[in-house]
Amino acid sequence: MARIPHIALISAVAFAAAVAVATQMNDYLLYVVILWAIFASLAVSFDVLLGYTGYLSLAHGALFGLGAYTGAIMTTRAGAGFWLALPVAGLVTAGVAMVVALIAFRTRGLYFAVLTLGIGLIGHQMFLVASGLTGGVLGFAGIPGPGVPSWLPIDQNLWNTCLALALLLVTFLAAQVFVRSRLGAACIAVREDMTLAQALGIGISRARLSAFIFSGFFTGLAGALFAAINNFVAPESFTVLGTGFQLVALVVVGGMGTLWGPILGAALLTALPEALRMASGYSMLAYGVLLLVFILFAPKGFAGLIQRGAAVLRRPATRKLSPTKEGVR
Amino acid sequence: MLEISDLRAGYGRMAVLHGLDLTAMPGRPTVVMGANGVGKTTLCRAITGLIPVWSGGIRLDGHDITCLSPAQRVRRGIALVPEGRQVFPDMTVRDNLRLGAYLRGEPGPSDLEQVEALFPILADRRRQTAGLLSGGEQQMLALARALMSRPRLLILDEPSQGLAPKAVAQVAEAVQRISESGVAILLVEQNMTLAETVGEWAVVLQGGRAEVEGPASTVLKSGAVEASYLGH
Amino acid sequence: APALTDEILIGELHPLTGPASFYGIPESRGIQLAVEEINAAGGVRVGDQSQMLRLMTEDDHSTPTAGVAALKKLRAADVRFIIGPLGSGVAPALFPIIDRDSGVTQIVDGTIAEGVTNGRNIFRNQAAVSQYDLAVADLFRSKKYASVAMMTDRFHAGFMGTQPALSETLKSLNATVAAEEYYKLGDTDFSAAMTKLVSLQPEVLLIRGYPAEGALITRQARQLGYEGQVVWEMVSPPSTVLKNISATEMEGVYNCIPPTTEDYIALGQDKALAFDKAYQAKFGTTPGELSTLSYDAVYILKAAFEKAGSTENEAVNAALAAMRPEDVPQLISGYVAHQDGRLFDDVGQVNLRGAVSIWQGEGWVPVPDLAG
Amino acid sequence: MLDLFLQQTVNGLALGSTYALVALGLTLIFGVLLIPNFAHGEFYMVGAFLTYALVMAGLNFWLAMALGALAVIALGCLIDLVAFRPLRGAPPLSLMISALAASIILQQTATLIWTSEARTIPTPVTGVLRTPFFIVTWMQVVVMASLILSVAAIWAILNRTRLGLAIRATAQNHDAALLMGISMVQVRLATFAIGAALGAIAGALLGATFPIYPTMGVNPVLKAFVVLVLGGIGSLRGAVLGGLFLGLVEVMVAGYLSTELQDIGAFTLLVLVLLIRPQGFFGTAQVER
Amino acid sequence: MSLLSLHNLGVRFGGLRAVSDVSLTVEQGQIFGLLGPNGAGKTTLVNMISGLIAPTEGSITFADEAGGPWPIDQAVRRGIVRTFQQTRAFLGLTVRENLRIAGIAAASAPPTDELIAAFHLEPVLDRPAGDLNYATLRHLGIALALSLRPRLLLLDEPAVGLTGAEVDRLAQLIRDWNGRGVTVLLIEHNVRFLMALSHRVAVLDRGRLLFQGTPAECRANPQVIDVYLGRSAEHA
């Protein structure tokens, strides 16, 4: 708990460094950074639910879309500014997330996953069917971007990047605070052993509900920012199979149950398709193979790899003794 | 018939057994004692092939079985009543028993009668799913199931755990009878009552090795067991 | 100002992976073929200088996000001329970016969705859905159908975009719209909708989407006892159709779209035959359905460079806006000049009107006497 | 009116039996090995493509289906070997990602081999059965019959053979099954073989009515997961009844409400069912001991 | 003063009456022993008192408050805390984290330091609970329950799998905490252990209360000897 200020400090420095690097990038790289930052903040808040509470939700693709459409509707039809639309999108998404959670938490395990999958599919279909609000399959065009403050001598793309990085920073810090709080501890108890948690009088319903709402809120923020930066959104971006599963992959490849792991996971899985653009016909194939290799050989994700590497560096040689030589006496 | 020499095994990089020697033979039920966590269960798992052996040898009737799969070991006559209940929770009691005889094909009615005579409660609960039996009932089922394979070496890992005194006495009696029928017994136990009733030969594990060994009557009274419990 | 090099960079943006790659790969290859031909023939004559074309290919996965990333990548490599995309979901995502970027010129060679061109720096040499719909209207006008039921692919942005307008048009032609039902790409069971529809007995069943589902709907409707006229509105070369339904079941079905690559080849058009031959020689497969559009797009650009005598976007845009079909003799597609004689109208759209054809025997046969 | 309703009911059952057929293999592999096998959709897809290829090469449909199923069995065992067996004991989530990866790899490989163009296997059984009340194609009858046969076969294998006993035991307690002398390799192979064969057969049969293309397995497998959960995980009866129920609901929603709401209706139903019975129709609630 | 009273408590699982018509009273400050053959319904009884399963008949009164049993969280709030027959702890977390998490629901600051000392957890504080040896894990399970400062502690076979010396140590621990005001309901098959600890014992048989009285009376009761202790009662 005392570590929060440290983490805040380190994160702020990382943020500043990232912004500094971003000023040297071209628009394409900036866009890749934006995608990474948005997906990383999605993944971080998702990990609060998946990694810390132990529930696999496949409804988050739709929640992401809900945030995006709410932001889009706010800034166009309702004529609100971006800075109003953003928190509203977060709150609306959190509200819907709460309803989803109240339904879905009646189940657990694969039932929970499939139930949220169903809800995710309903959500995606709603974006198509409610075309009066969302533009249906044609997409929602003409979403105003987040305007660059007049006193800032930077262009739109750099500003977008700063906002996406800031979102990641805020999400990361909020998640740090959350998982260290009593609620966070209760979430971990739910993940580890629900019956024991109950027997210890831990309010498991409240804990997991708040984890779901927490992730919903930040998912909504990410959605609204995504919509504003792209000026256009379509239901295609919010499918269960695309976004829903991608989030899971980000977190698992990054390393569940650490908050920095998903950020790395997002970096890898965002950079990978871009890096593989060259090999067009084989890029998806390579993506699949890499995912498989990762799961097989780095089951604890990127974070696990790094932790293991660090552990090896920290105590060289001494523990390398053949196990059979270690006596108990 | 079972000879273990210089056995090393463990989990991950942590060794639990450090060169353990042990023999078991019919007509001389062997009890293995030792403090919690000394590696008794690990020994059972290594003998049955559930965990790999790092080095050393396990021989059964003079044949090296160190590298055989669990199934091949069962086929050669080893059966384990594992620690904890380890029954098939969603299957009926009857199906659990049938599985005990898996390698022999379908069990004959006499097999079932035999074990059900030994543990009448199992006859009453034939069609109940095993997971809903009480702890002690499940323990009996596990023992009965092991007998269904007609083992030549029966390993029991703390069978008295969670049993009512009367049931412990029943188990003791059953194990004695099984032993008399020519089955070699390796009994891991902390319950002195059961150890004393059944054991002819006793081994005390300490530090991953068989530290004290001898006729049960001497070893169990010598205080070696108490010492091992305190001395780690 | 662009650097003076002897190369012109052309970017192309098509789905090379995923389900849409069935259309995207041939388009991409059509472009490659044109570029190679042009370079082999000495390149593009800009002013008094010859310049070679260099191609940059990007995969848009047919998704908006990947499409935008691909566009940004092309732009970062200083690509100023772009051909593509195919996907109706991708084009609207690119539109706002390109619309405000005067440093780039785009020719859309794939999507038929409305509203993705501007006539300033975004042009399209593919038809718009509304132009498909003209042929449907022609058919209804001449056959005086009294009622229609529509089945539309609701994942298809193009068809969904004109669904209300088409429905109004048909009503104005005195056809009752008995039902407007929807399905989605990948659906396999249409029995519920077909049962309902058959019970309504509309004179025409109009199917708008892709041929795999089109074939399936046609078949299921017939199996459930539908005896009226089936009309398709979809790009559906016979080779694809016949992979999904038998020729006998297709007999007498109408289709209302502009001719596609296979049609031009079937018609024995010289340039199309040459293209087919070159394509098959290079890639070892048939050229698909839309590849001629992509091929044409390259030649349209070439003509614009030559006419403008410059590779400045502003000049090229102006040349495109003023271009006439006869300025590009290599064109395979049968573009009709707009009334003012230009290839593109004020919003940058070519005139590629749908035509009615009918399935007879093993393929589509034009029905010439309708269009009048 | 009644005619229409009967016809829609038949439509629903026909659709539902396709769902159930796909769900069977999925439920088996999940029930025994706890693998949420997303690649089941690709077993289905490869089964369809191989049958197509063989039929095009001139083989009789049924023979082609059998050969295709054999090849898919081999594929299934290979996938198990590469993607799942190394992950024994890993959390279910890793298995799921692994399954997704396998699924992507198979889809992409199929795209490279067969391209993404849609095609349909020529129907082996043509014609329509017309009764006074409803119409059903003979192919639909074949699908329903295959469903019944498959269920009967699996039931018999699981409950009437020693292999079945071993499979069920493994599903419940891996270590204890080993102690019974059950060979894990055998059980895994058998389970994957049966699961893959079911997938391939479903693919061949449905590929004779529906278009086949590399991503054709995605939607059916999502639906099959819904069916699995509706019916109760690991329950064969649940898979069949859940499938039929889902099919009926979809058709009724599409027929009497709107085709646009077909999917929404189906998933809303899922949500409702799980609200009332969180363990599905035939699932058993876990007991805490 | 009575702390817990069961009134005609019973539950059936389908056709099986696992517990029927059990009435008994546990006094404040007592250690109350519960014995019975395997399958008698002891765990089921504890499950009901702690709110893990609902009874089909009967009710309980706790600390003069009628209307129980309550759902598990409310039961904990009233001070009824249980351990499990198969020890439960958060196996993936370290001992320190286990204790921290157990403390979050406690009404007052948990006596964590005392527990660490009393249960000798100091050396293993940073080990994952899943790596602990059996006895330590059992200790941890009880420590987790005690960190809620329960008024009534339900212990389901805490001595299972412990060696003689460990059993003695556990007995001492239970006595200590009982001395500090924790009432204990203890299920155990280790009769010597149970009899030595308990102020009062009850014997369940096939779901029914067979006997209630002092340990000495229990040992001598022929019915108890018959169904539970067996002929070799001298071991007890």
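We call the chains A, B, C, D and E, going by the order they appear; numbering starts again at 1 in every chain.
Heads up, the rule we're going with is that a residue touches a chain if its C-beta (ideal position, glycine included) is under 8 Å from a C-beta of that chain, and two chains touch if they have at least 3 such contacts.
Predicted model, so just to flag it, every value in this text is computed and none were measured.
Counting only chains that touch, the fewest steps needed to get from subunit B to subunit C is 2. Greatest centre-to-centre distance from subunit D is found for E, with centres as Cα means.
Averaging C-alpha coordinates per chain and comparing to subunit A, the farthest chain turns out to be B. The interface with the greater number of C-beta contacts, when A-D is set against B-E, is A-D. Distance between subunit A and subunit E, defined via averaged C-alpha coordinates, is recorded as 43 Å. Computed from the mean C-alpha positions, the centre of subunit C lies at a distance of 76 Å from the centre of subunit E. In this assembly, the C-alpha centroid of subunit A lies 50 Å from the C-alpha centroid of subunit B. Chain geometry summary: the mean Cα position of subunit C and that of subunit D are 37 Å apart. Counting partners per residue, subunit C has 17-18, 21, 25, 154 as the residues that reach two or more other chains.
Counting partner chains per residue, subunit B has residues 132 touching two or more of them. Annotation for subunit A: residues touching 2 or more other chains are 128, 195, 281, 284.
Within the complex, the subunit D residues that touch subunit A are 30, 36, 82-83, 86-87, 90, 92-94, 96-98, 100-105, 107-109, 112, 218, 222, 225-226, 228-229, 233, 260-261, 263-264, 267-268, 270-271, 274-275, 278-280, 283, 288. Put simply, subunit A touches subunit E in their complex at residues 182, 185-186, 188-189, 192-193, 195-203. Interface residues of subunit E, counted against subunit B in their complex, comprise 13, 35-40, 43, 85-86, 133-135, 157, 160-166, 189, 191, 227-233, 235-236.
By the touch criterion stated above, subunit A contacts subunit C in their complex at residues 26-32, 35, 128, 131, 136-139, 141-142, 230-234, 236-237, 242, 273-274, 277, 280-281, 283-284. Contacts from subunit D toward subunit B in the complex involve residues 162, 165-166, 168-169, 172-173, 175-183, 284, 287, 289.
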